[in-house]
């Protein structure tokens, strides 16, 4: 059956890689509609994403690619077209609402398995969209116990990524270690400016003329994970710190949506704490 | 000798093209540092740009590529690193000034062979940078004669492209036919809005909130050639039509500079009156 | 009681207007926190928006302002803080969904009275947010009858503005005449480029590098009403016409949200088919 | 004689200020074409900029304004239409070149009195535009001596502002104290991200997706002075640190030009280490 496929490949670079990959496609009668390729010169790593049309089976192509590529090659052909995500929230609705809307109308590119909030507030909106919501409170218990509860709740579901959609608790390295490169956060500043708490207050005090938002992978280092997408909007002297928060919400929503659309279409590679993004 | 090369290829698409190209590179020990590839689905045309490192000779690679590619293939390997341009101007200095500055400090990516003005005004600035300037007036003579004079002046030089840097005369199809896909214009609007004369006056009258500029190839259809780059800037009710002209100059300068940097690095293909731009 | 107020004023310009207005505020002990003023030079019209703090009554200030201003003055002090809107839709969810979310979480600055669709599709999402939805179909009846049905449905509600949130029927001048400067539309192009039908198809065919969206007042001239807000996003040769539609949705949502936030905060004046926007 | 004037006013806020100012204008038959006013709520400071038309004398209006305003009022009516600037540079040409071009074609809004470089490299381009250039080297002498030489050279000229157009030496607080709020710098990052040296290297290492530039007043705290303007451009994984430097040059040139156009039109106020900018 004729179909469209996506192949993503990551391995040590050497002469002849593109030829090897393209030969596999040609032998199997797959036409390369679009090919993106990047070599990270410092580390000699090769990254590629192909959009293909043809009738070959994904597992045959995967096997043949692995045979011709370096042994460290990570190959995914036709990855799960519909990824699954779990969403963590606190009280702010804007990113979650956007995700729920897109999910409801089948434009998210992922299935929302569940939403977990450390506050109960956003349970109502999840209910309106028929999405399971779990309230996992953090008050009155230690961080370790809170994260254990979070983990237990999460692991009742299957998911590819955890999306922190304005989740305002800092996750410990012990927790994030369970999900390497599988947690995505939206940070409310143009990182690395205004790392840490209250970035809009910091931005207001500094008198900046632009504020930004950053979607990034969560690693053990707070706010230091690989950046997927960033955008900014202009502000001026009329903006109070509260106005900046409001303006920031618009850009947070947009940047997280953009990052998810790239991630869920297998357009993002991570290497040396940076991303290669084939837009 | 180890060197960096650029290869650009355009031909009818078929299965196995990327493999064929990559095989040629592998056989010659050329490493593909970056590869951009695009298939225009409607017309089954294939476009590719490769950045390579290695020691092979450009003509050998060109010949080998032509042997394995479809007969309609247009192949350029290691195209002239320093293109040559001729610049046509009228009275406005901003685009010409930017080009002269970049040329003077070797950041243009091209050699400015000459500047021709239908007014004499900009001769002084060319003189300050040691660039030949020719005044080819249009007053008192017919368009045909004017264009004949222009042609004669131009053809005393060798150049790859003619850049219309705010040249305010409309060139006839007879003239443009001499230089197919070799004339670049900066148009002072976000095409196709405000085609024709006085776009800023039109924009002011319409009360738009953004104004733009468009760099495009010149074809026989006025303002209808393939678009290379476009940008906009915000305007508001405080802007008079004259203020819009001033604001527009900033964006015209930036867009033309951007288009030239893409063009001169062999990143622009033209097909069906549109461009494929590998940024 | 101490409170914040907004005053908006529009009248023929003459020397001393700002003094007259500011004197009224001073006499009543109102402090001017922010004042925006604009004189349209061509027509000598004066526009002003003031943010005030103090304890005076709005009707007293309104009366005193009218006494000192030209007879054609339109004065609104402390306008309805919560405007009411009716929303018209067809099948696309993105603008409506954004409006419903903001409304649900009290960040829209308006109360959504009802949603009317010429298709039934979006009734479900309205139901999830508890907003009345009316299906007013257009098939099998004439335009006049359709608009009569629309009018009857609308007039059962009280509202300040009608928002066309991707309503894909062209309203007749007879209909729009009922609501002068009270209908807001989101148009899926950077007006005046691509007026009329299928702007994304037009944009794709032209090979533009940016696509835009325009929020404007609806007048009897299709796509020719005063523009409130415009934004663009970059596109490239990889975008199919369908991809452009998808990309356009993001910007349509953002531009309509921006225009509504300005409109609902009394920051938009209309004069000579243009807007003055005090951002 | 009928003329256009600009008045800028800064003082402690109190009820009735706008009335008092506007009365002065009305009494003198001056029409207020445009008025911008802002009250900094935290500190109760009042800022205003008026564009006026009429025939009154500037000194009479200034005197009358000072009589009706608080004693701390700073009033400037019809400030020097052509400001004078001195420019400091090192080796990079792009900001200086842009300033020289605009100056040469009378669009800078200021007169360039002189250029001083700690390297001799940019003397040539100044010579081509007939602008005095002084080479004040820093090698082999202490910072104190270097700054003394700089000061001596500068003080041979009269100027309103010193523009650091990619001047790559850090000025001591002792030096900057001579010119409070009179030194403007272009910083090659989106402050406060990447304070200090090699911001593009820092940006490359962090893998950001946007790079920026910041024009700001120079105070005794390095990179901490009031911000006038900021802009960003997108970058991606294809950019080497060197590519980021090149891309950054475009935005540095644009941001400094923008900041100067605001500053030289008396649109910038400074208060509490932030700017109020009436664009």
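Order of writing sets the chain letters: A, B, C and D. Residues in each chain are counted from 1.
Following the convention adopted for this analysis, a contact is a pair of C-beta atoms (placed from the backbone, for glycine too) under 8 Å apart; a residue touches a chain by one contact, two chains touch by 3 or more.
Remember, predicted model here, so these are calculated numbers, not experimental data.
Annotation of subunit A and subunit D: jointly contacted by B, C, touch as defined at the top.
Summarising the inter-chain layout, the chain whose CA centre lies farthest from the centre of subunit D is A.
Chain centres here are Cα means. That of subunit C falls 37 Å from that of subunit D. Look at where the CA atoms of subunit B average out and do the same for subunit C: the two points lie 40 Å apart. The set of subunit B residues that touch two or more partner chains comprises 34, 38, 41, 238. Chain contact summary for the complex, subunit B toward subunit C: residues 38, 40-41, 190-194, 206-210, 212, 226-232, 236-238, 240, 273-277, 279.
Residue ranges on subunit A touching subunit C, taken from their complex, read 34, 93-94, 97-98, 101, 104-105, 107, 125, 128-129, 238, 246, 250, 254, 257.
The residues of subunit B lying in touch with subunit A in their complex are 13-23, 25-26, 29-39, 41, 54.
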